[in-house]
Each structure stands twice: as C-alpha cells, then as structure tokens.
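See the structures that follow.
Shared between the two complexes below is subunit A, which has subunit B as its partner in the first and subunit C in the second.
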Partner chain A sequence: MSKSTVRYILRRLVISLITLFVILVVLFCMVRFLPGSPINNEHLSDAQRAAIEASYGLNLPLPQQFVKYMSGMLTGDFGVSMNLYRDMQVSSLVATRAPISFFLGLSACILGTLVGILLGVVAALKKNTIWDTLATVLSVIGVSIPSFVFAMLILMIFGTNLHILPTMYSSSQPIYSAIMPIIALSMSVIANVARFTRTEMISVLNSDYIMLAKAKGLSRKDIILKHALRNTLIPIVTILGPILVNLMTGTMVVEKICSVPGLGLLLINSIQASDYNVILACSFLYAAMYIIMMLVIDVSYGIIDPRIRLGKDE
Partner chain B sequence: MKKLLSVVAAATMALSLAACGSGSGSDGKTFTFASELDIKNLDSCDADDGMSFNAMHAVIDGLMGLDENGDITYALAEDHQVSDDGLTHTFKIRDAKWSNGDEVTAHDFVYAWQRIIKNVGNYAYMMGTGGASIVGADELMAKTENGEELTDADLETLGAKALDDKTLEVKLTSPVAYFEELMTFPCYYPINEKFCEEQGSNYAKSADAILSNGAYIMDTWEPGSTATFSKNEDYWNADAVKLDSLVMNLVQEPAVAAQNFESGINDYAPINSDLVDQYKDDESFISFNEGYLFYIQVNFNNTDLQNQNLRKALSLSINREDFANNVLKDGSKEANGFIPAQLSIGPEGQDFRDDASDYTEYNVEEAQAALDQALSELGKDEVTLRLLYGTDESPMDTMATYLQNAFSKLKGLNIEMVATTKQDRIYTKQANRDFDLACTRWGPDYSDPTTYLNLMITGNSNNYGDWTNAEFDSLMSQIATEADLDARWQMMIEAEGIAMSDYANIPVFEKGTSALKNTAVKGLVQKPVGVPYTFTYVDIEG
Partner chain C sequence: MTQSEALKKYQFQPEDFQLAQHRDALEVDQVMPARPAWKDSINLFLRNKGAVIGIICIVIITLFAIFAPMLSSWKYDDINTSIQNISPCAQHWFGTDTLGRDLWVRLWQGTRISLFVAVAAILIDVVIGVTYGMISGYFGGKVDSVMQRIQEVINSIPTLVVLTILLMVMKSNLFTIIMALAFTEWIGMSRITRAQVLKTKEEEFVLASRTLGAGSFFIIFKEILPNIYSQMIIMVMMSIPNAIFYEAYLSFVGLGLPIPEASLGTLINDGFNTLTITPYQMTIPVIVFSILMLSFNLVGDGLRDALDPTMKEM
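Up next is the complex of A and B:
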C-alpha cells in the first residue's frame, strides 16, 4: 500500500470521526425533540411521570444531558433503556442483536452477489437465448417483489408446508434458522447484481481488448475469467456498498416476519416507544456502519483496479 | 447438471433431517405460547405491560392468585384477616421456597413494596390512594416526586410490616373493597432481599437474575426472541402444575404466528382482524374481552361541546355494533357504558353491566334531531369539531376514521381530523386541552368499577376534558369510604348513570382479542385485568 493511500485512509478516518460526532449531536437533539417522552404510562400522574423522568436525568438541560451521554459513551456506557426493556443496559441489548443483523446482511449480500454474478454472466454469454430470458425474468421478479413477500412465501412453502426450514430464528441454531431470512434478503441483491453484471459483461465482451484476446487465440475460459469477468466486477463493487448498507438497515421487515431478534427491529420498536438511548445507539451504529462501509468500498477500488489511485502521489 | 441436482437433493435431505431434529428433543408436556409483544421486564418494580406480567407470574406468586376458573384464591397467603374497620389486613404466609432454597417470608413483601416506592417504580402509585391505600405511601411518593432520597427511617413509615417471618400486617388509610384482588397484581409480588441486593442493577434483567417461588423456573430469556421455563418441583402447589416446560415466543407478525400454529410449532397464537374471517369457524378460534375501553373524551372547555344535545348527537350517531362486529372483527364488543362487561362482579355475583343501564344507542334520526336542537340552542348553522387520534395506537386510527364517517352523516356537523402520535395526543394536546374530541382508551388497574369511574372525578389527572359534576364527585367520595358492599355497588351504578346521562365521555367499544388455541390445551386462565394469562394449570390432553 502506497504512502498516499495510507494518508488518504487516515484523512478519511478523521473526516469520518468528525461526521460521526455531528451525526450524534443531530441525532441527540432530534430524538429529544420527538413529541412525548419514554415514560408514557398513561396511568401515571404528571408528578409521578416527572419523578421517573428525573431518575433518568431527563429533567437536566439538554447540553448537560448531552455531555453526560457523551462521557458515558466514551467509556462504552450507552445508558439504559427507559421504556422498551426498562433499565437494561443498551450496550448489551445492541451487542446481542447487531451481530445477528450483520450476519444476515452480510450473508445475504455474499449469496446474492455470487448468484447474481453467475446469473448475469450466464445471461450475457447466452444472450438472446432462453437462459438470458430466464435470468432477466428472475431479475425483474427479484427487483419487483419486496423481500418480505419472499420471506412469507418461503416461510409458507419450506417452513409451514414442507417443514424443511424453521419458521423462527433460534439462537440455538443460528445458521440453520437464518437460511430463510438470508434467502429472502438476497433476492433483491441477486436481481440487481444480475442485471448489472449482464449489462457490463455484454459491454466488456464487445470491447476491443476482448477482440484482441480472441485474436491472440486465448481460450474462451481464459477470456471470460481473466479478462471479461475482472473488468465486469469493478463497476459491481460500486453498487455493493449501498446494497450492503441497505440490507443491514432494511432487514427489519424480514426480521419481523422471521422473528429474528435483530438490530432493525430493535430500532423500530425503540422509535415507537420513544426509548431515547436505544434509538441513539442503534442509529449511531447504523451511521458508523455506513461510513465504514463507504470507506472500505473506496479503498477496495484501488485494490481491484490498480489504475485507480487513492490520494495524490508526491 | 446431474451433479448439481444431486447436490441440491442431498442438501434438501440434510435440511429435512435437521428440521426433524429441531422439533423434538424434550420429553414431557410443553406448551408453546406465541405473543406479538415482547417480555420487557421481570422486575415487579418496573414492569407495566401484559407480556412481562405473564412471564413474571409464571415464576412468582403473590399473596393471592387465581384458581383454575380465574377466581381469586390464596397463593402465598394461607390466611387473610381483615379488621372490623377494614383498615388492617393480616396475612399468614404459607411454607414456600424461593428457587435458591430460602423461605418466602413476610419480609420479602415489605422489602418489595418499599423498593417500588424508593425506586419510583411505574406502579408505585398502586401503593397509595390510586390502589391499595397503604398508610404512608402517598407521603413517601410525594417525597420522591420532590426529588428527595428516601431513608430507611422514611421507608419504615410505610404501613406494611412483617410481624414475624410468616405474618404480614398491612395498614390502610381507607377500606379497599378489592384489596384481595389487588394482591394478585405483580407490583405486590415479593422479592428476596438478599438475592436482589446481590444482583444490584442486574436484578431481573436475565433468566439467572430472577428467583422463582412460582409454578415455573425461568431457564432462558432472550429479549426480542424467546423465553423458556421448566416446572418448579419445589413449588408449593406443584401438584397443580401439569406441564414440564413452557415456551414463550415473540412472533410479531400475526400471519406468521397463525402459520406456525397450523404447523404445530405454537399451541397458542394471537391473530388480528385480517385473519378472523379465515379462522372464525375453526374449532381452535377463541376471542375474549381484553378489558380496555375505547372512548371519546369530550373537551368541556369547548363552549359548543358544553351543549348536552351536541354530545348526545355524537353518541347517537355511532353504530358501535357494526364497528365492532364488521370492522374490527377481533372479538371487540360495543360499549354500553363506561364500565366494560366481564370486569366487575358485584356482591351477589352479578356483572356490573347486567346491573347497570345501557347508555349507548344508534339512531341517526334522533342524532340529527339532537344536533338540530343543539345548533338552535347555540345559535349556529354548523359546528366544526377537531377529532384527535394517534396513528401509532391501533385500532385508534380505524376508530377515528369510522367516527369521522359516522359524524359526517349529520348535517351541520363538520369534523377535522387531527392525526398525531399517542405521546403527542396525551401529553401535548390533551394535557394542554388542545382538542375537541379525543379518541382515547383506558385499561383497568383492578376489576373494581372505580378504576374507570375515578377518571371522571374533578381534577383527576386523566380528566383532560375537565368534565365536572358536584353530585358525581360527592358520590365518589362516599364510594371511597363505604364499607357496606351492597350500598357501595349501588352507588357506583348511580355514579356511572350520572356521568353517562350527561355524556361526560362517549364510550365506543370494548377491545377484544382473537387467538388460535390448540384444542388439546386446557386450563389456560385468561383475565382482562392484571396478569393476562396464568399458565399454572395448563395441561395438554392426549
């Protein structure tokens, strides 16, 4: 890795930290400006509610609350849940759920990308044949039908009717019980990657250097694997970042259907309950993930295609 | 291609085998209960939701409990004496053990009740005049509300004392006719002081941080997913427990819960109104009263709404039966008064609703006539009212839409819909009296009619509409101190009559719940008040 690349990564890291701080400030204020409070038991009198709010420090001025939150956060203390799982440590709530969501998102991304590339390559190589049409139809279905519909379908067929897959996520069978949500989540990835791969592959196959490779007498396998596929992959990497982040942040509906105790569901439930600390921790984690992901994607450009230089050379 | 097919076939077979393995494994009877709500908390100091109550009651008994028929019976108490003035209750605690081997003692109750006040628990108010009326509770709560730390000396002023290890004495500020029933409520459960102090802030935050003295022991608890329980062999009433294990699964999607039920994964699954038509003729289909009353709160600060004929017109224009049976379809019933049916049983064993009159009716012609009369009295051609509702508190949005449609049929009445969140509805708009009509609801704290009637007392914190009636207030004061149960019952019927005849609030429907229950399952006790489900007596036949 060149010095300029290291400098570039360091600069991006500093910018990322500043961005995260700004996001935290904005999130903190926005969450506090939500109507109502996490203490929303309508059976409580105003005085009783105020007393409970005071026990969580919600009666302090906003800047003081922020400083208290930040100082706790720097030591790994994200506070306690004020409503959803009252008085439970937010860090432990998030720590048990984040890996599940990450695993699902990442697995769906890997599966979807591999299958998508395969479908796209087949469609491009067998252009205008039944295989191409089949791959295109699959892509259109994958893009058009939301992942939760797939989840319901798979659940009904493989879970309820055939009893092949469990209908609920279980921590005692974390991989086996995650198959269904992973397949459901990967459908849109397959569709997007397949469409993209097909277009790119056709474009690459028609380019001059492929003609030259053919003229040099290289085998079809070498042309596809060593030249065409590698050049097709570069643009695909650009769409993988947003796809992965969308997968991780967009798992909540599938999580709900497949009863997966994931981060997405925790975030949605915490917003409904105005559980300040849980909302903050989940949103912050998503923001951090997004920023890290974009950084990783940017750096990976340079690795996949050495022609792309990160930072300025001295 | 052949290779690919054989790989797929092998994978399918492997998965099928794995699936077969996952469904079996434990011997004996297991009841699997699916819920769309999660267990939030197992600390009787903090828990305030039905699912947490279900889980908590599976592992902890209170002084009183429910028998197989849902009637109140002794649990950890084996005897209960009340003084002639009704102000001193003495409980004898039976021989029972915590799951760490300690004896359950009267001190466990005193500690738990002091702790809920000291920690400003959600249900601390149930210790004071809002519930059990225990001596000193209101004063202690006033201190915590002022931000004062309670000392041990302060807590000693609470009127709950352990006379010895097995005798608990509770002194009240006024007689509480429903005191025994209150003692079934989780906020009055005992806590083992030694264990609780050892656990510190982790108490009841995980399966191994809570002790059992009840029918089951909690083995695992994964928030957001599942909780498993096994029979407590040392339970004082172990002979009554037929199950070997109990599983509570969080399934937030009712359609999935129904599918799981059909495939035998769950023995019990709640379903929503979308699924009722599909299952209503199935023998596993059940529906019951949830205990919640959904009603319209009228803002009496609005000069138009001070007109009784206008309020009468609003009430008469609602076809409650149609709304409950054809729109909600979830077991909900039309409300005939402010006290829901199947909530309160009188001294002679009769339901309050059977003794009281019906105060609701659907008659569009009479509604129009009442509105015309109101407009004439107000000197207006038309009236515009804002209908406030929360979009995040289903089925409040459905109710608001139905009401808008019903009210709009009256000529001279315009409705403006004000959609917001539940929080904003209650704590901003209703609290600031910034509404005309508000779709709201109330769930009972206990099964005495006063849990609803108190809402209409002048100055009650939930009386956001500021309805006031001296006769009603006076009657409620008498009810609070009346020791004669028959006289008290009649007074409550009279009080409801005063409020409903004046359209203090407009009741709409009593919320029901529909569910699918395995027909082999017997003994699941369901109650609209307090702990929704008691699993102690559940048995699976066959």
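Up next is the complex of A and C:
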C-alpha cells in the first residue's frame, strides 16, 4: 500500500467517525422531540408518570442526558427499553435480533451473486438468443420491483395457497422459515449482478487477449473459465455498494412481511411504541453498518484494481 | 532491341483493360440532412420497444388516476359497513375493503396520490440538487470543498433512517412526506450536476462567452445548464420509482399517510393485513404498483440510451 492510500484510508476513517457522531447527536435530539412518550399507560397518574420518567433520567436537561447516554454507549451500555420490552437491556435485545438480520442479508447476497453471475454468463455466451432475452427481461423485472412485492407473492403462493413454506417465522426452524425472505431479498441482487456480468462478459469476450487465447488454440472451456470469467468477476465489487444498501432497506420491510424477528422489525415496532432507546440503538446500528460498508467497499476498489488511485480523489 | 521496338511488337487487345470500378458500384456520398439532436434522440427512443411499452403504461395509469375517481359514483372515503369485503363484482369492480370502501376508486385515488408525491418530491429535489451542484461545481475551491464535505456527511446517513426519523418527528401528511422524500433524494441530483458542470466549464464555448464579457449568472444559466438537461431528465426518470418505493416503505413502517387518505403503499399495507381472507385487496394494488415501477425503469433505461449513448449500461 502506498503512502497516499494510507492517507486516504485515514482521512475516510476520520470523516466516518465525525459522521457517526453527528448522526448520533441528530438522532438523539430528534428521538427526544418525538410526539408521544414511551410511558403511555393510561392508568398512570401524572405523578406516577413523572416518577417513572425520572427513574429513566428523562427529566434531566437534554445535554446531560446525552452525555450520560454517550458514556454508557462507550462501555457497551445502550440503556434499557422503556416501553416495548419493559426494562430489558437494549444491547441484549439487539444482540439476539441482529444475527437473524445478518444471516438473511448475507445469504441473500451470496445466493443472489452466484445465481446472478450464472445468469449473466449464460446470457453473454448465448448473446442475442432466446436465453439472452429471457435473462434481460428477468433482470429488468428484478431491478424494478422491490423485494417486498416478491415476499408477498411468495408468501401468497407458497405459504397460504400451497402450504409448502411457513407463513410465520418460527425460531425452532430458523433455516426452513428463512427460505422465503432469502429468496425474496436475493431477487434484486440476482438482477443487478446478472445485468452487470452480462455487459462486462461481452466486453471481455471482445478483447484482444481473448482473441490471443483463441489463437493459441485453448479450448472454449479454458478460455471462459480461466481468462474471461476471472476478469469479469473483479468489477462486480463495484456494484456491491448499491446492492448492499438495497438489501438493508429490503430486510426491514421483508422482515415485517415474513414476521422475522430481526433488527428491522424491532425498529418498526419500537417506532410505533416510541421506545426511545431501542429506536436510537437500531437506527444508529443501521447507520454505522452503512458507513462501515461504504468505507470497506471504497477502500477495496483500490486494492482490487490498482489503476484506481485512492489518494487522488476529486 | 530498343523499348519502342518491343512495344510495336506487342498488341493490346480490348480485353486487356477493365474498369477498375464497376459503374454500378460507384456511389455518391449522401449528405445527411441537418436534423436537430432531439429528433435523433426521439427516433432512438422509439426504436426501444420496452421504453415505448413503458411510456404507454405510464400514460394509461396516469389517465386512470386522474379520471377514474371523478367518473365513479363512489367516493374513496365513503364508509359503508353494509358492504364490507365484497369480492370484485359488477358494482364494485375491484371489490370493497374492510370498511366497505370501493376499491376501484381507492386504487386510482391512491395511484394519483403516489404519483403526485413522487413527482412533487422529485421536482423539489431537482431544484435543490441542481442549484447545489451548480454552485459547488462552478465556483470550486473552498466553497466546493466545504459543500462537498457537508454532502458527504448527509449522504452517509442511510435514506431509510433519515426518512423514518424525519417523519416520526413531523406529523406525517402529504406535505411532510414530500418534504422528507425531497430531502433524501437531492444528493444524487447534485452530484451529477456538479460532475457535468466541472466537465462543461472548461469547454471552449464557455471560455468564449467569458471573453465576450458574460457574467457568472449568464454562463451558468445560458451556457452550462442547457448542456446538462439530458442528464437531468434521465436522473428524474430514475428517481421517480425510488420515490414511489419509499412512499410505500413508509406506509409499511406505519409512517404513511393518515387514514382515510389512500396511496399505493397504504392500500398494499391494508390489503396485506387481510391477505389470507381477501387476497384481492392486496393483489390489485401490488400489480398496479409493480407495473408503474417497471414502466418508469424501462422508460429511464430507454431515455438513457437515447439521450446519452456513451453511458450505456451502468
């Protein structure tokens, strides 16, 4: 790694940290301005309500609350849930749910990339045939239609009509009940990857070194597997960013439809219950994941393709 | 033997000579008639079957969305408990929902709102984004780097977190949803504008204009802006389905339009709650939603190929 690369990574790290801090401040303030209070039991008198709010430290001035929250956060304490899961540690709530969301997202990403590459390669090799058209149509549909529509369709066809897949997530059969959300989520990945692989593969197949390989008398299989495919796959990293962002938004809605107890569903439920600490922790986690992902992808460009000079941006 | 003697001995026959080029093969270079660029673009666009189908679908859906609620004898918010959950029939073409509201009217009213929200949000973000990108790109230097840092920070907060938090704080209604969508979508617009401005402002015609004494204002609006129209149109077409999707997403999270308003998102969400009993309540809005998303994407792709042939495929 050159000096400019290191400098670039350091600069990005600093910006990411500042951004995270800004996000935390903004989130913290906005959550406190939410209409409605987490202590919304109608049977409580005003004095009882005030007492409960005081026990959570909600009566303190905002800056003091923030400092308290920040210092707790640095030691891994994200506060307690005030409404949804009364007095449970937010960190343990998140810790039980995040792995489910990660599992869904990651499997969808891997499945989608593999199928997408296969589809794209087939389309490129059989260019201008019925297979190519089919793959193109499929990828346009996959790109345009959001994953929650696929989730609903699969739920309706295979869940309620054919009874092949479970309509509700059950924690006793995590793999079996994850099939539906994973397939629904992987659709957009398949479409994006297939589209990209096709164009990339076609341009690689037209390049001079493939002609040289043909002239040397290599077999078609060798040319495709050893020369063309490898050079096609590298640029796929460049579209992983938008794909992963898509997946993150997708998981939230798909988790609701398939009632998967993941991070997205926790966030949706906590919004409806105005459960301050849970909202804060979940949205902060989403933002942090997003920022880390972007950082890793941007840095990996330079490592994978040295022609992209990282230090010399703008 | 001299040369002339040898020549005398040699007899030329008529067949010895042949026309170097056959007369029929002679061709006059055709001068293409001067045509404005937009005519070429329209021709290119019309040759793309998918894009033409897309634009026809959009026009039909828009016409229905405008006129169907006016022409129907039902009102979209008329609650009539005597006609709950009627399946599609001659009187109620798409059936009625759990509160006895006619779904044909509600569907088109919802489509109207969804389209309105998306178009309004995108128009606002074009204004914000283009202004921001223009200023940042044209003036460069300190202004540019400060504006870019601000944009970098805003951009690294995931859209879904921004939307969720914004709409939790502001009471969600038509206006706040449009504002929130405009707030999250302008960054892409400003990026493209900035890149184009950076490219265009070094061109000779801008230099010529400046030499003739044109001010910054004149150069920005008369010289640079006309050169980025095509990019803007493409960007708008690509952003509209995004806005429609995020509106639907908000309804799913429980931050959509308040009842009794209808949008495609709220209709799908309401229908989803009674999926097992009355599947048509969800299927019909999902179909219209998917066709709309698909059409906008197809038209966007077609426009990109027609207006900017160098930018083909990603």
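We adopt the following convention: the second predicted complex is superposed on the first by the 259 of 314 C-alpha atoms of A that agree within 3 Å, B and C clash if a C-alpha of one lies under 4 Å from a C-alpha of the other, contacts with A are read in each partner's own complex, and residues count from 1 in each chain.
To be clear about the criterion, a contact is a pair of C-beta atoms (placed from the backbone, for glycine too) under 8 Å apart; a residue touches a chain by one contact, two chains touch by 3 or more.
Since the model is a prediction, treat every value here as computed from it, not as a measurement.
In the superposition on chain A, A:Leu165 makes contact with subunit B only, while subunit C stays out of contact range.
Applying the stated contact rule after C-alpha superposition, one finds that A:Thr5 touches neither subunit B nor subunit C.
Once the two complexes are laid over each other on the shared chain, residue contacts for A:Leu267 go to subunit C alone; subunit B is not touched.
Shared-chain residue A:Leu44: touches subunit B; no touch with subunit C. Within the superposed three-chain model, A:Thr19 lies in touch with subunit C and out of touch with subunit B [touch as defined at top].
In the superposed model, A:Gln173 makes contact with subunit B only, not with subunit C.
Contact with subunit C, but none with subunit B, is seen for A:Ile141 once the two complexes are overlaid on the shared chain. After overlaying the two complexes on the shared chain, residue contacts for A:Tyr286 are found with subunit C alone; subunit B is out of touch.
In the superposition on chain A, A:Asp87 contacts subunit B only, with no contact to subunit C. Contacts of subunit A with subunit B, set against its contacts with subunit C after fitting on chain A, overlap at residues 34-35, 152, 155-156, 160, 167, 256-257, 272, 274.
Interface residues of subunit C, counted against subunit A in their complex, comprise 50, 148-149, 152-153, 156-161, 164-166, 168-169, 171, 241, 245, 248-249, 252-255, 268, 272, 275-276, 279, 282-283, 286, 289-290, 293-294, 296-298, 301, 313-314.
Those residues of subunit A that touch subunit C in the shared complex are 15-16, 18-19, 22-23, 26-27, 30-31, 33-35, 140-141, 143-146, 148-149, 152-153, 155-156, 160, 167, 195-196, 199, 239, 245, 248-249, 252-253, 256-257, 267-268, 271-272, 274, 279, 283, 286-287, 290-291, 294, 314. Those residues of subunit A lying in contact with subunit B across their complex are 34-37, 40-48, 50-52, 54-55, 84-89, 93, 96-97, 152, 155-156, 159-171, 173, 176, 179, 256-259, 261-262, 265-266, 269, 272, 274. On subunit B, the positions that touch subunit A within their shared complex are 12, 15-16, 18-20, 22-23, 38, 40-41, 43, 46-48, 119-120, 122, 124-125, 130, 141, 144-145, 147, 201, 205, 222-226, 249-253, 255-256, 259-260, 262-263, 265, 392, 420-424, 426-428, 431, 442, 445, 461-462.
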